Each structure stands twice: as C-alpha cells, then as structure tokens.
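Each of the next two complexes has subunit A plus one more chain, namely subunit B in the first and subunit C in the second.
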Partner chain A sequence: MSTSHKVTGWLEERLNLTEIFSFFTTFGLSYGEIDLNKPLAEAGREAFSRKLPTYTRGPYILGVLTFLVFLFQGVTGLLLAFYYQPSPTAAYESTLLIIRDATFGWYIYQMHHWGSNMLIALLAVRLARFFLHGVYKKPRELFWVFGAILFLLAAHAALTGSLLPWDQRSYWSVTRGLEVIATLPFVGSVLSFLVGGYDLLSGTLLRFYVLHVIFIPLAMVFFFYLHFATVRKVGLSPLLGEKPAEPKPLYPDHLFQLVILSLILFGAILTLGTLFPVSFSAKADPFSSPSGIRPPWYLLPAYGLVELLPHTLAGVVLLLVMFGLVALPFIERGQYRQLKKRPLFAIAAGAFCVVILVLAFIGYRRGQ
Partner chain B sequence: MSASEEKRDAETRRLGEGATLLPSPPLPVSLSPALRGSRLLRLLLVMLFVAVAIWPAIWPASAQGPFSNRLASDNVCTVCHSDKQVELQGSTHAREGIKCVDCHGGDPKAQTVAGAHTNNFRRSFDRKQIVELCATCHSDQAKMKPYGIPTDQFALYRTSVHGQKWMQGDTRVAVCSDCHGHHQVLAADDPKSPVFRENIPQTCGKCHGNAEMMGSYGLSSGIVDDYKQSVHGQALLERHNRQAPECTRCHGTHGAAPPGIGDVAKVCGQCHTKTLDSFRKSPHKTFMATGKQSECASCHSNHRIERASHQMWATSCTACHQSNTPEADRGNKIQALFLQTESELDKARASIEAAKRIPLDVSDYETRLSDARTYLVEARPVSHDFSVDDVEDLTRRARSIALQVESDVHQKMGVFRGRTIVLTLVLFYILISIGVVIGFRRRLEARRIDQGLSSTDLH
Partner chain C sequence: MSVEPTSSAEKPSVENAGRRSFFHRLFQTVMGLWGVAFVTVVVSYIKAPRESKGIEETVKRVGPASDIQIGSAKFVADERQPFWVIRTSSDELTALSATCTHLRCILQWDQPSGRLVCPCHAGAFDLNGNVVAGPPPRPLETFRVDTRGGIVYVNLS
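Let's look at the complex of A and B:
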C-alpha cells in the first residue's frame, strides 16, 4: 500500500474526506451527486469518470478561460497583498517594494495588471458570443444576466485596483473614471458615499482596497456559483446547426484540456506582462495633474458620453444602458437564435458597437 | 423762498459777490421726545465724548509719520474735488496723511470757495515745478527718515540724462509724475504701481517706445520691444521672475543714464559675476579697454539679449575674426566641448528615464547626473576667458560622470534583459509541459486501445 493510501486511510478513519471535498460538486465544478458514505478515492473515481458536456472546447472555452483568469487573479492578488499597504503614505512605497525588491514581485504585479484587462476582455467577448449565438434564449436567460453582472463587477474590480499603486498615472486615471461614475443618478452619489467622496483621499484608498480584495471578489464568486448552478440545471447551449458533442469524462479529457489551457493562459499573461509592462510614474500628487491622462480603456466610451452630453443626461443614458445590458434577454424575447432571423436586434447591436467605438474615440481624444 | 435759502443769500451778501458758500454741514439727528432727557442717552453721550477724547492715546495711529496727526476735517477741498479725493485715496501719500494742502497750498479749513483757494494756492504745476515740488519733501531728511526713503533722489535726477535736459529747460523729459503718477502715487512694491518691477518696461516705454518723441532726440524707439523679446524680458514679463533685470537695473532709476562702453561689463557683471571674472582674464579685455568695442554687448547685444547657446561660438567669433584664424578655431573647439558634453549628459539622462520606466531605483544616478550638469553650468561663465583648457577641465568632469552614470544604468538595466530571457525560458518550459501532457494523454489513449478499455476505466 502506497504512503498516500496509508495517509488517506488514516484520515478517513477520523473524518469524512469525501464530505470535505464535496464542495467541488456543490460549487458546480463537477456534475452529479457524490455519495458521502463512500471513501474519497471511490467517490473521486466516480466524479472523474462521470461524463460531462464539452465545456473545454469550442466557444464554451470562453467561460472556462474566464474562470481560470479569475482564479489566476485571486492567486496573484493574494501574493501582492502580502506586501501592499493601503494608505496614501505607504501605498506607493509598498508598490515600489513589490516591483523592485520582492522576489518575482515585478512579474506578479505585471501579470495581475494584464490579468485584470484579460478578464474584462474575455467577459466582453463572451457576452458578444452570447448575443451572436442567441445563447440567452429561454431557458438560458440567466447565462446573460450573470455574465453581464460579472462584466460590470470585473470592470469595477479593475477600476478599484488601478488606484492602489498610488502613482500619478493611476491616481489621475481613476479620478477621470470617478468623474464618469459620479454622473450616474442616485448610483453615483451612493458610490461616492461608499468610497468617501469624489476626491481621492486617504479614506478612499482604503475603501477601494476593501472593495477590490474582499467585496467585489466575493460578489464575483457568488455570481460564478450562480452561473455554474444554472449551467448544471439547464445545460450548455447547443451550437447552432450542430449536433451536441458527445459528453466526455472529466479525467482524462477535460482535465488535460484544462491543464493545457492554464499553461497557455499563464504563458500569454506572462508574455504580455514582460513585453508590455505597465509603466510606473511618480507618487500621486493631488495638486499636480499631468497631461494626457484618460480613464481606463473600459471606461473610455462612458467618458466620451460624459464629455459629449450634459452630465445629468449622460448619467441617465449610462444607467439605462447598464440596465438594458443586464436585462437584454427580457427585452429580446423572440424564439429564434440565428442572427439573420432577428434582423432588428442585429442592426441595433451593430449600431451599438459603432456608437461604443465612436464614444471611446471621443473619450480617448478628450483625455489627451 | 424757504428759510434756509434766505439765510444762504444773507450770508452771500455778507461775504461779498462771487463767494460761493460751501454746503452746510448735516444737521444733528433729532431725537425722539422719549429718548431726549433720558439718563441712559446722556450716559452714552458722555461715554462717546470720552472715547473720542482718549482715542488717539489708546489706539495707535495707522500711519506713523510727520503727516499722521492730521484729522479728516482738515481737508475740506474734497467737498468739491471729490474726484481728486478718489484718486488720492488709494495712494501711499494718502495713507501717510498727506492732504491736498501739502502740495497745492490753500486754506483747507475755509468755509468758502474763495477762502479755500487763498494762502499760496497753486492750481496746477508745470513740468519744471513738479520736480521741485516733490523734492521739497523727498529731499528733506527729517521728513523722509521715518520712512527710510533716501533723500538723494533729486540730486541723482540732476545727474541723469533726464535731469540734465530738465535743467536746460527741456520740459518734455521725464519728471517724477511721468513715472510715479500724480495723485495716485503707489509704493514701488505695489503691483499696480507704474514703477513695480514688472511694469517698468511699460512705464519707460511710454516715452522710449514713442517713435516721434525719440526721433527728436535721435534715439531708437525699438528698445522696449527689443527688451521684451530678450531673455531678460521674457524671464520678467512671461515667467514673472522678478530677479530678471528691467530697465532700471542697468540704467539706474532716478539717475537714469546709458552706461558707457567701458562700463557695460560692470553693469552686466552685477549679476553675471563669474562671467565678468573670467572675461577680465580674456585677451578681449585689453582690446575692449581701448573703448573701440563694447564688452558684453559685442556678442550678446544690449537690449535684445538672446538666450546664450553653444551655437553662438560658431557665429560670434567669426563676426570679428577670419574663419581660418586660430581665434576662430578656439571658438570652434570650445563649442565642440560644450556640444559633446551636452550630448553625453542627454544620453545619460535618456538611460535614466528608460530605467525609471522599468522601473528601477535611479535616485542615486540622478544625483550624480545633477553634479555633472553643475560642472557644465560652471563651464559656461568660465568659457568667457576663452581658454580651451579651462573649459576642457570642467566639461571633462561632466562627461566623465555622465559616461559612468550611463554605464552603471546600462548594467542595472540588465535586469530588464534578464526578464526577456526568463520569459523565453518559461515559454519554452510551457511548450515542453504541453508536449508532455499531450504525450501522456496519447499514451493513456494507446493503453486504452491496447487493453480494449473504455476511457472511464483508465485511472
């Protein structure tokens, strides 16, 4: 009997390992029930051999990648938190410590930065895929709702996180971002109250830190869980015009795919972080606004809108767009999934994309 | 006719035709019967009287000078000349208690217009009188002492070109009021004053920018515009650097006169001390002592002084010396040393900036580069002795530091190149890992086929 079997056997005489590890199923990472009365090895064999939909292949990979990047952000964020100090007097210095002196600190800092951008981009591409393939048609409306909420949460996580280095670029970039959020009717004032005002003061940094490392990640975990739960209930959306692929067991098919995907993802983020490192400017100075400061890229369309329209009107439009984004499955309730059979929404979506690009361009130009 | 008008007519008859009565003072406020006779009111009146009586004793006068003991009622001129009162009000003279009577004479307590305009009253002054009028106080030691104002201004004025012509009877030249104003005389440190440092070019330019007036004296009217475009003018007027010289810094204020050819270096040397020291050692000094050429102005011009650049070495020397002479060659060598040093400093600066973006800690290198730049800055005034060796000595130190800094930063930036190598290695490792995973998966699949097992039975 191998050592691992001996250890497992010794532990199982004293506690129910299967019950402890059953959260994989509960959380939605594995399908089906686990018999808590069986030993861990046997229960694991059952779970691994259970056939699962092909969620690691085709367009479904977007969802897997999103979750992997989220986990990656969690790990790198945790490592950064070992050194980071969320106060205006120490934030800049502790960030410098991370990127100059801490072992692999520079890599982790850069990868965390690029990971956040990748998370937002993946969630946006995934929403586009949902729209093009009509994924959110009955009974999968919640796929879209949770996806849109996760997108908004990821953007907020990135915004709150980008303030933390407390250098000139991050400080003034977030100031521009807050100008956008401040225009939102009611929501803007509530958010302002939560973060301690529109001016970035010492209290704001701490609140941003708490939002970034506790509140928003927990909210995202919650919505990921809800998403997995609804996927288990209604199943993956079949591809248009194709037969559903044959389900494959978690081991070896899905697990090998996940390992390869994780390695590619890690390589991609490391390459971006090394070849295109985010610059680090002087310490934040509230009395010295540098030129060429614009909000983060995901807020550029909103920034363009705020620059173009009166603030109150822009705030109302932004809020309506956000509600419309989340509630799209309940607005487009037609039965067809194919894009050519729903031309009105296809044209509207195309126009929406053009407007977003134009507003982003305006926002980019205004920020110069 | 009302009673008050009858009374006024009778008074006019008593004083004689032509005399105009000043407006009557306002009547005292009539008190209501309830208040009249009240003890409280009487008490209040007594207290008010006592307060007025002891006020000067308990409250320090706002102005401490020979004019500060005047009362406002001593100046009834303002009843009619309220416009002048407005002009005088904000002036430094008014703040010190100077009244109309101090310059214009007259009787400030008179009750009639005619009476007010007696007692050596002078309505206005001609330009000759203005200087003398101001000098009556400003040359008086006793009066000026409390303010710490020098009393030699009138004497200085008489030595100036303005004063010389004034004494010859030329009344078009600048007199006190042309620069300081009439009633609205402000202190020189008041930004609204015409003699405030930043306003001086404009004040002098009122006459010296007037082509017609300057033409009659055979002078150029373009010097104010020239000054405004000069390095000094831009520093003062655009960057508000009050250390930069304006007209009076070189020409003097009350004793304004153009410095002689031999004195230009002394004037410039008041600020450019190091440059003057070096220039005195130069071969030019002996030649310029003959008075045939102006010292600093020969290369740098006088009013339109441009920002000195290393390019000047290529053009200024050959303005007098032939291009193939040793003198011109010396200028070229000095220019080459400066340009080479600038280039080395720029390269070191670029390395530091690149390292900062990584980011690396470069504060130490910045300090060292700052030292190098100090040597370069020091070499600029020294170069006015036209010694290649002196310039070489200082610029070599600057170049040496810059090269060392660049080398050190380059070495430190090896960290960045190391990162690219790490990336390559990690990517290679990832590829190998993926290959291993795929290989392992295939072996499992082959074993499954060999054993005729389904994929679920593999583990």
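Let's look at the complex of A and C:
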C-alpha cells in the first residue's frame, strides 16, 4: 500500500474527502454525478475517466481561458495585497515598494495589469463569437446573459483597480472614466453612492479597493458558477455544420490540453508584461492635471459618446446599450443560428461595431 | 493525486505504451520546472525586502543633549530598534536597547532605582545592560552615543 493511499485512508476515516472533492469538481472541472459513498480514490478515478465534451478545443477555449485568467488575476492580486496599502498617503509609496524593492514585484504588478486587459478582451471576443455562432439561441440564452454581465463586471474590476497605484496617470485616467459613469442615469447615482461621490477623495480609494478586491471578484465567482451550472444543464453549444467532437476523458486529455492552454496564455501575459510594461509616473496630484490623459481603453467608445452628445442623452443611450447588451437573447428571438439566416441582426451588429470603433476613435482624439 | 489513465481510447500496444510513458515523464518534468519557477517567484516576492541600511538609517538623531538631565532618560520609539538614552553623569550618555531580552516587552526607565525594568515579568537591567533581576537570559544591547554640536546621535549598527 503506497503512502498516498495510507494518507487518504487515514483521512477518509475522519473526513468526507469525496464530498470535498465533489465540491471542486462540480464547480467546473468535471460534470456529472459523483458517488459520495465511494472512497476518494475510486470516485476520483471515475470522475477523471468520465468522457466529457471537449471544452478545451476550438472556440470553446475562450471560456476556459477566461476562467484561467480570472484565477490568475486572483493569485497575482493576492500577492500584490501583501504590500499594497489603500490610503492616499501610502498607496503610491506601497506600489513603489512593490515595483522597486520587492523581488519580482514589478513582474507581478505587470502581469496583474496585463491579465486584467486580457480578461476584458477575452470576454469581449467571447461575446462576439457567441453572436457570430448564434450560441444564445434557446436553450442557451443564459450563456450570453452571464457572459455580458461578466464582461461588465470585468470592466468595473479593471476601472477600480486602475486607480489603486495612485500615480498621476492612473488618477487622472480614472477621473476621465468617472466622467462617463457620472452621465448614466440611476446606475451612475448608485455607483457614485457606492464610491462615495464623483470626486476622487481620500475615502474613494478605500472604497475602490474594497470593490476591487472583495465585492466585484465575489460577484464574478458567482456568475462564473452560474455559467458552469447552466453549461452542466444544457451542454456546450454544438458547432455549426460539424458533428460534435467525440467526448474524451477528463484525465489525461482535458487536463493536458488545459495545461498547454494555460502555459501559452501565461506565456503571452509574461511576454506582454516584459515587452510593454505599463508606465508608473509621479504621485497623484489632485491640483495638477497632466495633458494627454485618456480614460482606460475599454471606456473610450463611451467617452467618445459623452463628448459628442449632451450628457443626459449620452447617459440614456449608454444605459440602453448596456441593458440591450445583457438582454440580447430576448431581443433576437429567431430560431436560426447561422449568420446568413438572420441578416437584420448581422447588419445591426456590423453597424454597432463600426459605431463603437468610430466612437473609440473620437474618444481617443478628444482625450489628447 | 495520481490517477491512472485507465480508460484511454486506444488499445495500449507496446510501442504506444513506451511513447505514452515518455510523454508522461516529459509532461511531469515540464510541470515540475514550472512549479519550481512559480514557487521561487512567489517566495522571493513575499520575503520582505531588506531595508536599505544607509547612514541615515543606522544613525538616529535623538535631540538636544541639554534635554536629558542627569538621572533622567529619553525614550526613542524607533520602528526597528526602540532604545533609551540615559544620562549617567554630566558628560556621559548611554544608549540601551528598550526591548527586554526575555520576551521583547518594552522596558521602562525607573528613575529612583536607576534601572530599566520590564513591566511584563519584572526583569531589571542596570545601566551597563546587565541583568539584575528576573527572567531575562541575556544582557541588553548597548549602542554608541555621539554628541555633535549639542545634538545627541545614536549609532544603531
């Protein structure tokens, strides 16, 4: 009898190991029943050899990668929290300590920064692919709803996080971003209530910190869980015009592919963080606005709109777009998934993308 | 946890088994290297960065020498090394660590007895740092005191 068997045997007499294991597997790794009465080794072997649809191949990797980046952000964020102090007097100095003094601190800082951009980009690309492939047709409307909510949450996580270094660039960039949020009717008031006003005062930083490290991540975990729950119920959406790929066992096929994917992904994040490090400027000074500061890139289209239209109108439009984004599966209710068979929505989506790009360009120019 | 790949789709021929175990080893090696790199980065990051020991870090400015009368003492709440500066005679100052060598409580200056006493376990030290009462196992650390232009400096290095 091997040592690991002895250890699990000893533990099994005292703990319901299988139940703990089933908690992890139902969260995402494996779906299907796990017999809680079997010892862990046996239940584990069953769960790991169960054949699953390949969610680590083709366009499905967008979802897997999103969750992996989210976990990655959790780990790097936890490490940053070892040194970071969320007060206007200490935030800049503690960030400087991370970047300059702590071993590999700059690396972790850069990876967290690039990981957040990667998360937003992945969620956006995933929504685009959901649209192109008509994934959200019955019974998978919730895929889109949770995906859109996760996208909005990720953007808020990035915005709240980008204030935390408390240098000139982050401070004024978030100020630009808050101008956008301030135009939103109702939602803007709720958000400004949460952060304690539209101005960046001393209390705002702490509230941003709490939202960034506790509130938004918890909400994201919740929606990830809901997404996994609906995938387990209705299954992955089959690819158009292709036979569903043959199910493969979780171990080794899925896990190996997951590992390879995460290595590629983290290689990409490491490379970006090394080659294009985000700058860290002087300490935030509320009494000197530097020139050429733009809101974060994911807010540029909204910023362009706010610059173009009267604020109230821009706010209403933004709010409608946000609600429309989340509720798209209930607006487009046709049965066809192929893009060709739903020309109206294809054209509308194309126009929407063009408008987004134009507005982003306007926001980019106005920010100078 | 190790789980045997019991139900792989293909029938394991001898050739396949050899290739499979080779890739298995390769995979484990690569993952192990990544794991080592990851743990190295995390541990070296979490290890608190060493304070830079510049001259301004090790030499503490205590204040005007005239502030400390004979028989009185001044406490300096340095974050790393709190200490007492005590005037033993008109031209002699002595600096002693303020952390008890027993369980690191902060010592108090007891002027009537001329001792540093520990409020936690009643340890006591004389002005040379020697243990005169209680449980402390070692004498106190003493530091060099310099008076320049009427200002007292203590060298903590």
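Here are some notes:
Just so we're on the same page, the second predicted complex is superposed on the first by the 366 of 368 C-alpha atoms of A that agree within 3 Å, B and C clash if a C-alpha of one lies under 4 Å from a C-alpha of the other, contacts with A are read in each partner's own complex, and residues count from 1 in each chain.
Keep this in mind: a residue touches a chain if its C-beta (ideal position, glycine included) is under 8 Å from a C-beta of that chain, and two chains touch if they have at least 3 such contacts.
Quick caveat: nothing in here was measured; it's all calculated off a predicted structure.
Annotation for the three-chain superposition on subunit A: subunit B and subunit C clash.
By the touch criterion stated above, A:F215 is placed in contact with neither subunit B nor subunit C.
In the superposed pair of complexes, A:L79 makes contact with subunit C only, with no contact to subunit B. Look at A:L97: by the touch rule set out above, it reaches subunit C but stays clear of subunit B. Of the two partner chains placed around the shared chain by superposition, neither subunit B nor subunit C is touched by A:F352. In the superposed model, A:I264 lies in contact with subunit B only, and not with subunit C. Within the superposed three-chain arrangement, the count of touched residues of subunit A is higher for B, of the candidates subunit B and subunit C. By the touch criterion defined above, A:R45 reaches both subunit B and subunit C. When both complexes are overlaid on chain A, the residue A:F256 reaches subunit B and subunit C alike. Contacts of A:Y225 after superposition on the shared chain: neither subunit B nor subunit C is touched. Looking at the shared chain after the overlay, A:S4 reaches subunit C, while subunit B stays out of its contact range. Annotation: subunit A residues 45, 48-49, 107, 248-249, 251-252, 256, 259, 263 touch subunit B in one complex and subunit C in the other. The touching residues of subunit A, when paired with subunit C in their complex, are 4, 44-45, 48-49, 79, 82, 97, 101-105, 107-108, 248-249, 251-252, 256, 259, 263. Only residues 1-9, 27, 31, 34, 41-42, 44-47, 49 of subunit C touch subunit A when the two sit together in their complex. Residue ranges of subunit A in contact with subunit B, taken from their complex: 45, 48-49, 51, 96, 99-100, 106-107, 248-249, 251-253, 256, 259-260, 263-264, 266-267, 270-271, 274-275, 277, 279-280.
Those residues of subunit B that touch subunit A in the shared complex are 357-361, 419-420, 422-423, 426-427, 430, 433-434, 437-438, 440-441, 444, 455-459.
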